[in-house]
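First the structure, which I've put down as structure tokens, then a few questions once you've had a look.
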Amino acid sequence: MPRLEIVSNLGRNRSATVGLLIIAVVLLVALIGPRLAPYDPLVPAPLDRLKGPGPVHYFGTDSLGRDIFSRVLYGTRISLVIGLISVAISLAPGTLLGLLSGYFGGWVDSLIMRGMDMLLAFPAILLAIFITAILGPSLPNTMIAVGIVYIPHYARIVRSSVLSLKEQLFVQAIAHLGGTHARILGAHILPNALPPIIVYATLGMGTAVLQAAALGFLGLGAQPPQPEWGAMLSEGRQYIQLAPHVAAFPGAAILLLVLGFNLFGDGLRDVLDPSLRSR
Amino acid sequence: MPLSYISRRLFHLLLILLGVSVLVFLMLRMIPGDPAQLLLGEYARPEELARLRTQLGLDRSYPIQYGIYLQSILRGDFGTSVRTGAPVVDEIGVRLLATIELSLAAMFIATLLGIVAGVISAVKQYSVFDYGSMFLALIGVSMPIFWLGLMLIYLLAVKFPILPMMGRISMGLEAPAVTGLVVVDTLIAGQLGACGDALRHLLLPACTLATIPMAIVARITRSSMLEVLNQDYVRTARAKGLGEAVVILRHALRNAFLPVVTVLGLNLGLLLGGAVLTETIFSWPGLGRYVVDSLMGRDYAAVQGCILIFAVLMALINLIVDLLYVLLDPRIRVHA
Amino acid sequence: MRKIWFSLVLAMSLAPVMALCAEQPVTGGTLIWGRGGDSVILDLAQATDGESIKAGIQIFENLVIFGKDSMDIEPQLAESWTVSEDGLTWTFKLRQGVTFHDGTPFNAQAVYDSFARVIDENHPFYGYGKWKYLSLSLGQVSEIKVIDDYTVALVTPKPYAPLLNNLALWLCPILSPQALAEHKDQIGLHPVGTGPFKFVKWVKDDQIILERNEDYWGEKAKVDKIILKSIPEPSARLMALQSGTVDIADDLDPDSISLVKKDDRLAVTERPSVNVGYLALNTQKPALKDVRVRRAINHAIDKETLIKTIFQGLAVPAKNPFAPSIWGYNDAITPYAYDPEQARKLLAEAGFDHNAELELWAMPVSRAYMPEPVKTAELIQAYLAAVGLKAKIVRHDWGTYLSKTANGEHDMCMLGWLGGNADPDNFLYGLLSADTAQTPGAANVALWKNATFTELCLQAQKTFDKTERTQLYLKAQEIFHDEAPWVPLAHSTIVRCYNKRLHDVPLRPNGLNSFQMVWKEK
Amino acid sequence: MSAPVLEIKGLKTQFQTRQGLVKAVDGADLALGHRETLGVVGESGCGKSVTALSILRLLPQPAGRIAGGRIIFNDRDLVRVSRAEIRRIRGNEISMIFQEPMTSLNPVYTVGFQIQEVIRKHRQMNKGEARTEAARMLGLVGIPEPRARLNDYPHQMSGGMRQRVMIAMALSCHPQIMIADEPTTALDVTIQAQILDLIGRLKEEIGMSVFLITHDLGVVAEICRHVAVMYAGKVVESAEVRELFAHPAHPYTVGLFESLPKIGGRGGALRPIPGVVPGLFNLPPGCAFQERCFKAEPRCRQEPPLRAAGADHMVRCWLPGE
């Protein structure tokens, strides 16, 4: 599909437009948020703790008296980075493994796919917990853990599109004309296998943010005092009655960002790859 | 289904289980911090640590530890929990049933509501219901589920105490365990009141756990139905004079099932994972919580046992999904 | 006339209400006890976690026990005891006419089996368990002598004054020998003791059910049943207490406790604890070797605000390594005042490199002595930053945290001590002597090796005279204060939150009680 | 022409699409005589299939709707009868077969089940009777070993066989009318002839009328008595087959003939009609064919009248018939 057409189709797709709008706003906030923040997100003011939302603190303060609005603004950057890096970590090896597996088949395929099956035998969150336990809890390690967990998903998707592409005539023709494996894979198969990967990666960013938040809930994610939304939300669960705003705002922020990724991903799928319907 | 196919699947499963057992074994040992230290906590003395390590066999080399482990597994012994001293099999059994009860309930809710919402949305495409339910579905997959669980508890168990907030059944209503599924056990015992009580206990955690799969099922059902409703055979069914309900349920839905079943299978796996958080929030005595506690407590045998159980469950689910395919679609034949 | 009638009617109608209000215990009912996790093992000689101990001490009794609301030693299964002249032999006279829940009579043999299985490798039951914390229990005992059916003697190779306190700890329960022989290594799932409650059923990760021991030798328990319910999520535990689903909720966070206090259906009992929460400064790290830096850190932290906000006032600031309620506490010591100016000055004097980033290790789990470890760490981090000391918060999961701190890998780490047998030795020698500063496996996580201090502690261990021991400990605390290997943070207040329909809810400074006397309104 | 069983008068069928309103059928008039075969021809998109779907109100929902006109069948206006009534008619009094035999049968049910379904819906039969009847119908459409084939799934059959099954299904309630929407287009040429023969034969046996939609004038010539030519939602010419073939009056019809290769025909080069069917959004005012018409003149900008061009021969054009 010509690129221009994709763009114009995306523009006409309502869910893609709304999703893109949300992502753009979040991105903007990530870029200029720190300038908008009225307070330092890291400096506690324990005597002002758990203040409700109001004109002084728009979103109220947390249990250490920090301004939640400022923390949510700063946290935007972290959440976006979590989404991007985690997906990048699953994407690169996942794509490579899927390409190799699908293209060469045989024992390479068996080996890679059995390995992926082994990873898939773990429930996702459990594998993530496992990996963070090994690496130690920290934000980068959270991203690595979430990234590794989803490698098999990408490998499978790429493998299946490679399998169908491989059978298509043009690839076989190139192979007969004496293209090297690397060239065929890189220049011919990969570009054609991209649409489902792009769609899955977009949706995957939302999943990654949620998974990271779940790890934060278990105390394995971002380290204090970093204003990561999942960790803030998880801190707020203690104050559900006393100060519901502590959890409400970071929770809403997560919901919004993930919603943005999901909407955009849905739209992309409709435009790029209508056959990829299962989420 | 040919026997050779099943036996090949079983062989596959064995291979994966072997791989998983090595993987888990190694990963567990890669985690810093040793079980003895955790057992003794902050009050441990070095000599006590050393003694406990010897007693637990932790001073032996990894290959020997693994060999011992593998041997005992082949004997059907999954080892003893470091923390409780009880056989891991016993520890897992009860909790597994609790998790299965919760997951099945969640699956039931997700499937039922998801399919109903998906079908109505597809039939009434672009209606208020369609937009509403699809928006809700999107929210559902975008929401941190532990947050949802806490809000549900706060709203429906504390603020407006309609439903119990924790546990599997009210105190004193327990029925003798036959299946280990409380709802079924109370039914078997003929205690309808107790069964109702157990169902009420199940409702909040199951709904929480069901949120994501329900949303996914609704979305996939809708898109699959939309595709099927445009098929010629649906028009044929209408041209035969069949009622709209028969057309949709018998002719369209049946064909739309295939992708739904795939997604359901994938989701059962998701549910097992989601149970980790849900069980914590709702104090549900299940395997998800147990495996995390065991991991945090470096209860090697317990974690190894749990993961193997998970792997077997996943394989079983996949097998059932494949069988369902064959049942649902006569065009699919298994190639052995 | 009408007025009199009215008063009479009023009085009569109020009578039953008044009767209820009076503290007239009633028997019956089920006590539901919500707590943070399940018990691990119900053979308390193998237990190291609070949840096991809470349940186990309802079932088991010891030779001696702490007072209901204090840490003073009282007789339990031993009626009296004597120590020999040389301080090596402790002889106990046992209570007669006591039977275990399984009907086995309690006698000297039961004491022998219960104790020997822990320390005697040749005892047939030795292999049935993993015995923990010997240093806190019977580790110093070399021999157990059955003198007659109701007399037992314990022998230690050297005089060991804290033994009586050890025997009162959960680690030295007396179990039915019959049950030990029957259940072997599964005894932890089938506890049989002599206590006021009998074990009925255990659904793992869900609940433990106990019921009244009708044949109890002493005053029988008031409630029919105790159900210990695992509710891992603290906010869910609070909500369960508020909705009346549970009668008692353990380990609520300080902010929740302030909510409970406002609820007039709920009651909160508070008691000063014997614990201590502290920030250990690793004296082996170059940056912290200089005592001026350690003092500066002590000056930099505002404990008052920390306690007022994060602890919600449920603690007293600490200046010594153990709590004021323990004998031997040195109240003459003037604590380091919160004085950022002074802290900066001291850092400057020490030539502290302000670009260096120190690791501040925060506990991943909350403990009675440190209810909000992460927030505490964040606040400390900010206080340190204010005096120009950069700290980075480091977290590991609990097992790793303990191993690594015991290995001295941290710069500063948060830890605490529950109080054990409430003997100063436990804190001073256990946590601060040079003997316990050996890595790996150091309990002295400041790795502080002070010869004078250690000598004072060792001297005190050999001294039986309490006044003399006190003098030694007072001196040791002065050295501790001067050298500042820790920032002693707080002695948290022990709290029990429960529904007001419960009465006579006891609370010991270590939070571990038998609920024998608790009764519940109908 | 005998008394019509089905008469379509001024039918207007419209689709609401994202780009706007599409007038797929815009005032079509057609009549199907008793036991006759009416052929409706035209290029794709001319509205012939939509007309057929309109008869049984099978238009895709919610986009399509009948905006006007009447469809008279046995004194009933199918446009206005209740949904229950139209359901009683579908598959029973009027049945329909479609272009794609490969996809028109439900892949997850046996052909037997699918035939029995319609029999049991409209005829008072129990399971066993319906099964026997279904087998009889399969035999009637020339499927060997019909009893055994009842248990086959559609994917186990060839396209031709499936179309036979569709026909069996359509005829199993002895309808008065069978609508066949391009029944042979997707089939091999040899199979096409067999299917057409079959339809012709069964029409006689059952005594029904056939509403045949096709773009293939050869097919029309073979089995139709009457023929109607549709263009851009309107019937532009209708006549008896022989009359139309002999004297096509509308330039479009003429174009259609000239674009066909004639077997042993009158020679001359193939002349495709220039241009394409205009988008239904931007039809020119007046005759829709004017932009492609080699005889177009200014008055074609106005709606052309329907005129007689011979006996039972109507044409919608300003030009006199030639």
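All chains are identified by letter, namely A, B, C and D, in their written order; residue positions are counted from 1 within each chain.
Quick note on the criterion: contacts are C-beta pairs under 8 Å (C-beta built on N, C-alpha and C of every residue); 3 or more make two chains touch, one makes a residue touch a chain.
This structure is a prediction, so every number in the text was calculated from the model and none was measured.
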Completion exercise
Relative to chain D, the most remote chain by C-alpha centroid is chain C
Exercise for the section: Averaging the CA atoms per chain, pick out the one whose centre lands closest to the mean of every protein CA shown. Expected result: B
Problem - Pair of chains joined by more contacts [C-beta pairs], A-C or B-C - result: B-C
Problem - Whole-Å gap separating chain B and chain C, where each centre is the average of the chain's CA atoms - result: 38
Fill in the blank from the handout: Chain-centre distance (mean CA atoms) for chain A and chain C, in whole Å, is 44
Problem - Interchain centroid distance [CA atoms averaged], chain A/chain B, Å - result: 23
Exercise for the section: Report the inter-chain centroid distance for chain C and chain D in whole angstrom, where each centroid is the mean of the CA atoms. Expected result: 90
Exercise for the section: For chain B, jot down the residues that touch at least 2 other chains. Expected result: 31-32, 150, 154, 158, 296
Exercise for the section: Give the residues of chain A that touch two or more other chains, as numbers and ranges in rising order. Expected result: 133, 136, 237, 240-241
Problem - Two or more partner chains touched - positions in chain D - result: none
Problem - Pairs of chains found to touch, sorted by chain label - result: A-B, A-C, B-C, B-D
Problem - Complex contacts: residues of chain A adjacent to chain C - result: 42-44, 46-47, 49-50, 63-65, 133, 136-137, 219-220, 223-225, 237-242
Completion exercise
chain C partner, complex, touching residues on chain B are 31-35, 37-46, 48-49, 52, 55-56, 83-86, 91, 94-95, 98, 150, 153-154, 157-158, 161, 164-168, 171-172, 280-283, 285-286, 289-290, 293, 296-298
Fill in the blank from the handout: The answer for chain C against chain B in the complex is residues 30, 32, 37-38, 40-41, 46, 48-49, 129-130, 132-136, 185-186, 188-189, 203-207, 227, 229-233, 235-236, 239-240, 242-243, 245, 396-404, 406, 415-418, 420, 438, 440-441, 443
Handout entry: Interfacial residue positions of chain B with respect to chain D in the complex
Key = 125-126, 230-233, 235-243, 251, 254-255, 328-331
Practice task
Show which residues of chain C lie in contact with chain A when the two form their complex.
Solution key: 233-235, 238-239, 253, 255-256, 258-259, 305-306, 308-310, 362, 364, 372, 374-375, 377-379, 381-382, 393-397, 400
